[in-house]
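I have placed the structure first, in the form of structure tokens, so that the comments after it can refer back to it.
To keep things simple, chains are lettered A, B and C as they appear, and every chain counts its residues starting from 1.
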């Protein structure tokens, strides 16, 4: 945790170097009154700004804090009690600068205390949970690390559950997340680099990488993109991830990875990737990210390679089924029924004969209903979510078939598609959109339309690259080395041989 | 004007192989009449050797030019050459689209307006072309994998229906069929001119690539002819697209109707070929007019393609666009005459500059 | 400048609106949504029988199809038998949609049965209809019928209409002739096709398939009886055949013929070596097994003689009528192309003088009880 503050100190020392975010810094005034007026004005009498005025050796002083971000006990016991104690009254020193130095070097024993000279730094540290000690007549302020606020405890990540892997997931405060990574990587080469993003929110963003693994080109490009990000407020990781994509990239697929697991982050950064931690978000971004990584889960690396390989193949199959099956069903059913096996065609024809809608309209409708129900179940409290599933599963599913509104094969296709899309949760969004597109193309142009759209999507994925790394690597451009962890998951003895850095991927345009 | 070497040799040859397979898989009475298919196996061998000879001028030209665009060393004349190449590549696109049209309207005859389908096809291939040759090359290698995989499946599934008595003697009716076959294969070698434009952007051992590409293409063709003749016998001679007919009888266990596999992959191949030639054509136009962005040229090309396909009737299309002689002439111009002219022009210019200095 | 920006923005918005509404309306109007014939509106043809009415000089076509609008329970579609006629088979079948109001879908057709009269008249006239369009699968079985084909397809077995699938099951897949195999032999100017032939059992209680129809090009020449049918199938290398019984003195031995391997090679000018290898598995033996073991070679030679005799008979019968169903022409052409080129035009006469050396080898397997 202390490292974190060192990083912050380093950051502020080098703050002016950080391009766009470095503004013209205003120096702290000698007059305490002026300083207090500045804070009151800047915070516009905000309710959480707390200013405690006091006297140290008869020098007027003030402790400025933001309520809720500090540990009040720590502040009063370790700071206020000391500076308001007997020994200070007896101190004959009247020179504010010397008193400040005495306070900084002898009186207050805090590992994380920062000397600040500008208002900008004072605001940032104040809003980060530091107590600012200001003295009349001194142009310096002492920021004392008394942070303490309540946050959600470390829990198992809900979106990336694991059977055998660790059960720790990231939380919202960035410093806790940094600690979680550091605890797993006891390596001096692991570096956290603090940046700030969002002109209004001034959110702390940390780049996490291993210095001897990361490509300097990729790192500089990431910093460049983050510094040029024209964002006012950063509320989620999604805000930043858009700026980490290639400019003008309209692809449905994202080349920025998301994870809630510190172990995943450790694995990724050890391959030369960079993790972007955002304060207030439990999701960490990973760049560069490849298409095949969507098919990797942490459990793949805990199971035996045979089962992990089977799982990989299943996931790839599930991806194709989830994307193409409804489209193919509609396309073949409408234009090329002769391509169905006889018995299957009979079943489909029987069900279509009993329903009033065309195959395309029927499939589209059920998909819409399914997406609506999914969204409803996702946003509602868990207890209500169950109710939605009952309504969805029983009422809509069963009743729709019994009443002859929807055919059983169509419902079966939708259900299978839905289950398959859950197998690769990170690709759910593009799959959902592509599925609709394939249904429409299949319904309007049959098999031809599906293949044409498939080719276009393939070119879209193939032409995509981020930070000079082809998105579809190592499938295309093909790399035999990367194949050991793509369609198959080789054993750990094989995986541990040779360094598979991201910048050594086939087709990579970076060193 | 130099270019970045953005694609690898295997990628380029995957792309070229697909574009050849897309057209050659449709060989049959639709494009060659009165030819004994069995003799086409000999044609494959002949065309294989002739292709090596045809590549020499292009290879020579690319060697002298290095990473520069092939027409860049010819001055103003180079612009005219680029324009000719642009027209040729556009013609190849039109030819491919016409082939697609013939197949769809004559064989499948689905209740879809071809106009609408070609509009969608061209619109999406324009998108593909605009994404750049890199994306097309990478996508082609993925499609290539599927093609090889499905051909193996088709080969195995048709093995049972093969009748060995269908493999008759070669040259039974004289060498006419084999010669026709060679001309057919050579006339459709649009890959050679394409190679002239692609090699400067390719990274790797081109010579080995050419050997593998040429060998695998003709081996693939010979294998396909063998499968088709073995399975269909003389019935193949009556089919418009015998390879499709052979695929339609293939079955694997309870999985019947494997022609869906053939149809899908063929459509994808057509897509890749159209995208590649549209991109090349737009690159040529960029060289002529010096635009920065090729997207507009691709769009204009696409519109022209759809418009010509919609306005010209099928009968006229087949007599003109499928004429082997016309295609042979175009191939000769773009893969032999123009490269030689460019080499000559470069030598003369070099001589002149030496004389001046 | 500001005004220009404003107008550009308006133009962009309007263009986007027009684009989206065009796509939306196109989506609603295009065929997939509304106009396309749905599966249930199609007449899914299961079997077709073609007869020729010599009096009216037109084709009578019987069609068995699935009726999805009136299913047999929840799982099975209903069966519909339809009859139509026309100057050509295509004509007759196309008029089906006017009779039932459904568009025929031939891709699921299981069997085409050609009636005797239509077969004698020549099948090439109408077979084209079944092989030209991609929807008619080349894998569909083609059978001939002794007498009227329509009668077989519309026959009722135990009060229920016979299904095309049941008719198809009467012969093994290995011995069945598909449209492709028939066309392959037909389109080759040297060889002649054959078809499995079906006929009604006595009193028209059911259908059986024990004969073969031999064609000379596209015209029916003759029907072969049961023994000739087995011999023909052996000669064509059909591996799994039915039982064959030989009489050994007073005792009878029935064996199942399997793993038939037939090799026909040209040996000289229009002389062929025919080698047949057959595995026999004993089905029913009226002997003591101990005796059988000692008589194994005798039984094998009995079977060899019988098969040899049957094959000789059928080869003579077929070749003397000028038909080449065993592909002698193709084999000779492949082996001796220069010789064959001289006799090519006269092949139909030359086939009548075909000579052959037949060698049959059997291998008896006795399984089951060791003694009675």
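Observations on the structure shown:
The definition used in the following text is that contacts are C-beta pairs under 8 Å (C-beta built on N, C-alpha and C of every residue); 3 or more make two chains touch, one makes a residue touch a chain.
Predicted model, so just to flag it, every value in this text is computed and none were measured.
More C-beta pairs touch across one of B-C and A-B than the other; that pair is A-B.
Core chain by CA centroid proximity to the global CA centroid: B. As a whole-number value, the distance joining the C-alpha centres of chain A and chain C reads 63 Å.
Remark: chain B and chain C have CA centroids separated by 39 Å (rounded to whole angstrom). Per-chain Cα centroids separate chain A from chain B by 45 Å.
In chain C, the residues that touch at least two other chains are 30-31, 36, 134, 137.
Residue positions of chain B with contacts to 2 or more other chains are 111-112, 116, 256-257, 259. Shared interface positions of chain A, defined as residues touching 2 or more other chains, are 335, 338-339, 444-445.
By the touch criterion stated above, chain A contacts chain C in their complex at residues 330, 333-335, 337-339, 342, 345-346, 348-350, 352-354, 358-361, 440, 442-445.
Those residues of chain B whose C-beta lies close enough to touch chain C in the complex are 107-109, 111-112, 116, 161, 163, 165-169, 172, 231-235, 237-238, 244-245, 248-249, 251, 256-257, 259. Residue ranges of chain C in contact with chain B, taken from their complex: 30-31, 36-37, 133-134, 137-139, 178, 180, 183-184, 187-189, 327, 330-331, 333-334, 337, 341. The touching residues of chain B, when paired with chain A in their complex, are 8, 10-11, 104, 110-112, 116-117, 120-121, 124-125, 127-128, 131-132, 134-139, 141-143, 254-257, 259-260, 263-265, 267-268, 271-272, 275.
The residues of chain A lying in touch with chain B in their complex are 332, 335-336, 338-341, 441, 444-456, 458-464, 470, 472, 475-478, 507.
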